[in-house]
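The following pair of complexes shares a single chain, chain A, combined with chain B in the former and chain C in the latter.
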Partner chain A sequence: MQRLLRHAALILVTVLLGGLLGATLVRFSPAFGVDEAELDPRRSSASIESIRRAKGEERNIPAFYLHYLGRMAKGNLGTSRTLNRPVLELVVTRLPETVKSVILGLLVGWGAGLLLAIPIAMFRSWALDIAASTLAAILLCVPTAVFALLFVVLRTPGRLVIALIVFPKVFRYARNLLVKSALLPHVLTARAKGLGNLRVFARHILPNVAPQLSSLAGVSVSLAFTAAIPVEVLCDLPGIGQLAWKAALGRDLYLLVNLTMIITLITLMANCAADLARPQGARA
Partner chain B sequence: MRRVLFTVLSLWLAFGSARAQSATQLRFCLRSEPKTFNPLLVEEDSSDTVRYLTGGVLVRLNRKTQKLEPGLATDWKVSRDGRTIAFTLRPGLKFSDGTSFSAADVAYTVQQMMEPSLHSPIGDTFRSGEGATESKILAADKVAISFPAPVAGLDRLFDQVAIMSASSAKKEMAVLGPYYVSENHAGSYLMLERNPNYWRQDAAGRPLPYIDSIRLDIQQNRDLELLRLERGEIDLVNSIDPEYYEKLVKEKPALAHDAGPSLDSEHMWFNQVPTAAISDYKKAWFQSANFRRAVSEAINRQDLARIAFRGHARPAVGIVSPANQFWFNDKLRPHPFDQKSALQRLQKDGFRLHDGVLRDVNGHVVEFSIITNAGNRYRERMATMIQQDLAGVGMKVNVVTLDFPSLIERITRTFTYEACLLGLVNTDLDPASVMNVWLSSAENHQWSPGEKKPATAWEAEIDRLMRAQASTLDDHRRKQYFDRVQEIAWEQEPFIYLVTKNALSAISTSLSNAQPVVLRPQVFWNVDELKLAPEVAATR
Partner chain C sequence: MRRARQLATVFLLLVALASAAAGFLAPSGYAHQFRDTPDASPSRQHWLGTDDLGRDRFARLLYGTRVSLCLAPAAALLSSLLAALIGGVAGFCGGRLEQLVLAGTDLFLSLPWLFLLITIRALLPLNLPPVTSVVITFMLLGCLGWAVAARVICSDAHLLRNCDFILLARASGLGGWRLLVRHLLPNLMPIVYAQFWLSIPIFILTEANLGILGLGVSEPLPSWGTLLRDLESCSSMSHLWQFAPLLLLIAAVSCFHLLVVDREFPA
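And then the complex of A and B:
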């Protein structure tokens, strides 16, 4: 319980600091407070002045952030300037799309990674090892945007690109861990004594690598969310990745601060869950 | 029992196929999510598209003939002083939700539009003087609207004003146009259904529009949009780039349409802001008409049109595109490409070309940078070609690409730039729509925004002429004034107009009655008359 509370407090502080840092970065980004509408030739000087004044209110970051936190406590996350909608509404409608993409990407990426790493470690299949390692190396070299465009042309669901990003990392890490564990003296002894592959894996290898794999699980969640941004932009998937891109282009302070906090929260929670899942001894 | 089952099955199949044949759905893409459904707050393309498809207007500008036609109003009259317009409304009309339409709705819309705190961009086009706007309901079908000062092109401006209901609980979602918004899947797509209360009928008395629904997919990726058109997943692309157009001509020529020069132009200008943080000697170059004319003559516009735009653009003449049939000054011609003449002009100001390097009267090497927005490949190409052309008269040009907000910041706030290459998107034909560009005190007077008093005699003359045309009701006298403005702008070249882009679009062969034009919205301006082939309808 104490561990849980400590983690929760740490997450809260980090999320709040992440939000403040995000707001500061946006505030000091070039062209903050500039609106394309100012170039509209129909606009009168008074209208242009009003647009500038409205943006000027966000220039004082401490005042903005305190005001923002006060409103957030009442459930109001502010209004997006680029999309002219309440941020809460945007997040609620867009988050499920990204979560769907991330879950699918993680399941397929992890599934493929483990499905290839386990036989390599257990059966010492060098041909499979070379083929899978080469594939993982190629996938690591190709930028996410290239995969996304390729999937668009091939009419393949863009969400699967996330799996291609997660797979090589999971595969390489899991393969190295499993191969190393498979060569440990107690595993070799168990094999020599005639224990079956399944038993060796379940009783002697898996418990050994589980703490490290759970850490990788936490990291892969943030990896998947990061990959979701270019994927959603290029494949036109209406998730929070696409929203984050638009918000960054429009220097949309409210939207960016909220998205920074949400992504930070999800990443920290995933890492925290991985941390809590590990036995105490393994952490030490 | 078997017979009953057979009859039921036959009826079901017949009903199903009849439904499939009658339910037609037009599909095309929006490049971004609409920012608003309030027609008075529309400022970007996507919201404008929704407004055009759903909004009912008192008078409609026919995009093909460029003449006004009756809309919700059967008749209208502008008073002699140009301050008042009286409309006679079409009787018995209803909004999409069944609420009755009357003069009270027109009065309500105008009152909302002119509300100062709303900062409606459309409202701004009606603001010609200090004071309140008054709407007088003369009868259920008659309304008169009075403005504090004469408004130039008053009747034409109402083409942009979609009438809202004063009493509907659905507020701006109750509409009088051919379609209404039935579903909004944020970030994904919008569904518009045919308005059952739409007033227009075809010559045979059949109710319009012909197409039952429109699906607007949010698709910001242009490559994907074209790919979807080629696959038959969408029916039109309202505006396409020359490169896509050429690709389409090669692969599916029947889909590609070039309606000729549009209202949109590409231009560059030099920073003439007195307080700008640039050297005084450079300010002196930029403020010289000889220098600007020389730069203009040293640029090969034909090549810009031919290479950068693959031949789908024309050398620009000036403020007004030749596509604007009434207001274009046809005495003017594009500045010719003549580097000898350019050098002669420069010599008048004391510039000297030596060893391929141009120097001013004080020996400063003529070098400046042009900023433009990153990611716009046509502007990037044009900037590079201008760089090469100007090297021919010894000028060294550096091209700097910036993301759009940074560029806007430089040209509107910090003025830390020397020259800028940008485009002007014209949505209105009337010169009143560019008052905020040509008046020296205006914020969009981009070469020197918000001048306290006109910096030069010719700017003072433009101010006078623009005000004169805005306060005159006789269109022919207005044209005389505006022709002179065009001539001054052509002589002084505060904006160096480069090319006028063609209106390019792509239309599926299954869509009939489409007549692409140069005015926005180029393809679906007659949306209520568009028809889809039955075989397409059956597949959706």
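And then the complex of A and C:
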């Protein structure tokens, strides 16, 4: 319970600080506080002055931030300047697409990484080790956007690119951990006493590496969301990543800051869940 | 492994030399357009053919390599120096300052890297002059990439603070900046070097991602990111010479990875 409260407090503080950072960015962005209505020649100087006065209240950062927080608490994330739609509506429409891509990418990436790392550690297959390590090393050298472009050219589902980004990190980390654990004295003793591979793995190796792997699970969520931007842009998947790119090109900072905050919240929650899933006292 | 590292060093040196001599090796400037031969296949005049605007691909590859290969280490140097300063001072001072810095790095690390990068990039005009866009892109990478390295350096400085030689120096009356500059920083250098070499491939790949998304270096100046953007117009695998920038990028990043392994644990 104490851990849960500590994590909740950490998330709250991070989101509040991140929000302040975001609000400061929006406040100092070029053309902040300028309204197109000011350029309308039909408006009188008094009405232009009143528009400027209304916008002027937002120039004070603390007041602007409090106003921003107040609106956020009511579920109002503002309106996208480029798409002219409420940010919350855009997020609700597009988040499921990104979550689908991220979950698929994580499942395939983790599945492939563990499927290759476990036999390498258990059976010490050097041929498989060299082949898989070389593949992971090559995949680590290719930018995500290039994979996405190649998948478009080859007409392959773009969502799988996220798996290609997650796989080498998971494979390398899991392989090193498992190989190290498989050489620990108590594991060698268990083998010498005739315990089968499956039992050695399930009872002596897995409990040893589970805390570190759960930490990696948290980190890989952030990795997958970051990879989602180029994937969704280049493979034309209507998700949060594509929305962030459109917002960046349109200099829609309100939308971008809110998207960054939402993804930060999701990754923080994933990290906390990974931390809470670890047995108490175990540290990665 | 040692032979592989030597080969990696030689390869990177050759690539760096070729890009430095782009003015002599390239048949034309990176922006020169051969209007009679757009989208040409490789020939004696254009070794890697030309792009859709008639610009020589080989010349653009050499100049693009120069941009990426010079500025990624510069950004890595900036981020390593920032990390050494922030992490080193925090670890050395300890107490509240260290906690504050660690909390700050945690906040920074919890913000998704590419989202943060494009948010800050969006603050700046998208139609910047090419040279300004290069400087801004790599400055952003350098200024935003310090957090992981700062955490590592901070924990190392924290360990060093309690070492016998530091305690002895303190007992001898040395304190403050002299202790930091003469004893702590020289002992932190191996970890700063390792972080520097680790950052280079990360920055090269990030610049490539930004370039492909149109948020990196502005045209007509080439970089590996903008050159890889041409793959978007590649509708099939038949024009294999278009993949030359990708192959060079993979080779260079692999070489940097090999060098990182070499320099991660110096004697």
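Methods note: the second predicted complex is superposed on the first by the 243 of 284 C-alpha atoms of A that agree within 3 Å, B and C clash if a C-alpha of one lies under 4 Å from a C-alpha of the other, contacts with A are read in each partner's own complex, and residues count from 1 in each chain.
By our rule, contacts are C-beta pairs under 8 Å (C-beta built on N, C-alpha and C of every residue); 3 or more make two chains touch, one makes a residue touch a chain.
From a predicted model like this one, the values you see are computed outputs, not experimental measurements.
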Partner chain(s) touched by A:Leu249 [first = chain B, second = chain C, both, neither]: both
Chain B versus chain C as contact partner of A:Pro238, first or second or both or neither: first
Which superposed partner A:Ile61 touches (first chain B, second chain C, both, neither): neither
First (chain B), second (chain C), both or neither touched by A:Gly18: second
Chain B versus chain C as contact partner of A:Thr260, first or second or both or neither: second
Touched partner set for A:Ala210, first chain B, second chain C, both or neither: neither
Touching partner for A:Leu195 - first (chain B), second (chain C), both, neither: neither
First (chain B), second (chain C), both or neither touched by A:Ser47: first
First, second, both or neither for A:Thr144, with chain B first and chain C second: second
Touching both chain C and chain B, counted on chain A across the two superposed complexes: 30, 149, 152-153, 233-234, 249, 251
Chain A residues touching chain B - in the complex, by the definition given at the top: 30-31, 34-48, 50-51, 82-85, 89-90, 93-94, 97, 149, 152-153, 233-236, 238-239, 242-243, 246, 249-251
Interfacial residue positions of chain B with respect to chain A in the complex: 32-33, 35-36, 43, 116, 119, 121-122, 124-125, 127, 185-188, 218-221, 223-224, 227, 403-406, 408-409, 412-413, 424, 428, 433-434, 436-437, 441-444, 450
Complex contact set, residues of chain A against chain C: 14, 17-18, 22, 25, 28-30, 137-138, 140-146, 149-150, 152-153, 222, 225-226, 229-230, 233-234, 244-245, 247-249, 251-253, 256-257, 259-260, 263-264, 267-268, 271
List of chain C residues in touch with chain A within their complex: 106-107, 110-116, 118-123, 125-126, 201, 205, 208-209, 212-215, 225, 228, 231-232, 234-237, 246, 249-250, 253-254, 257
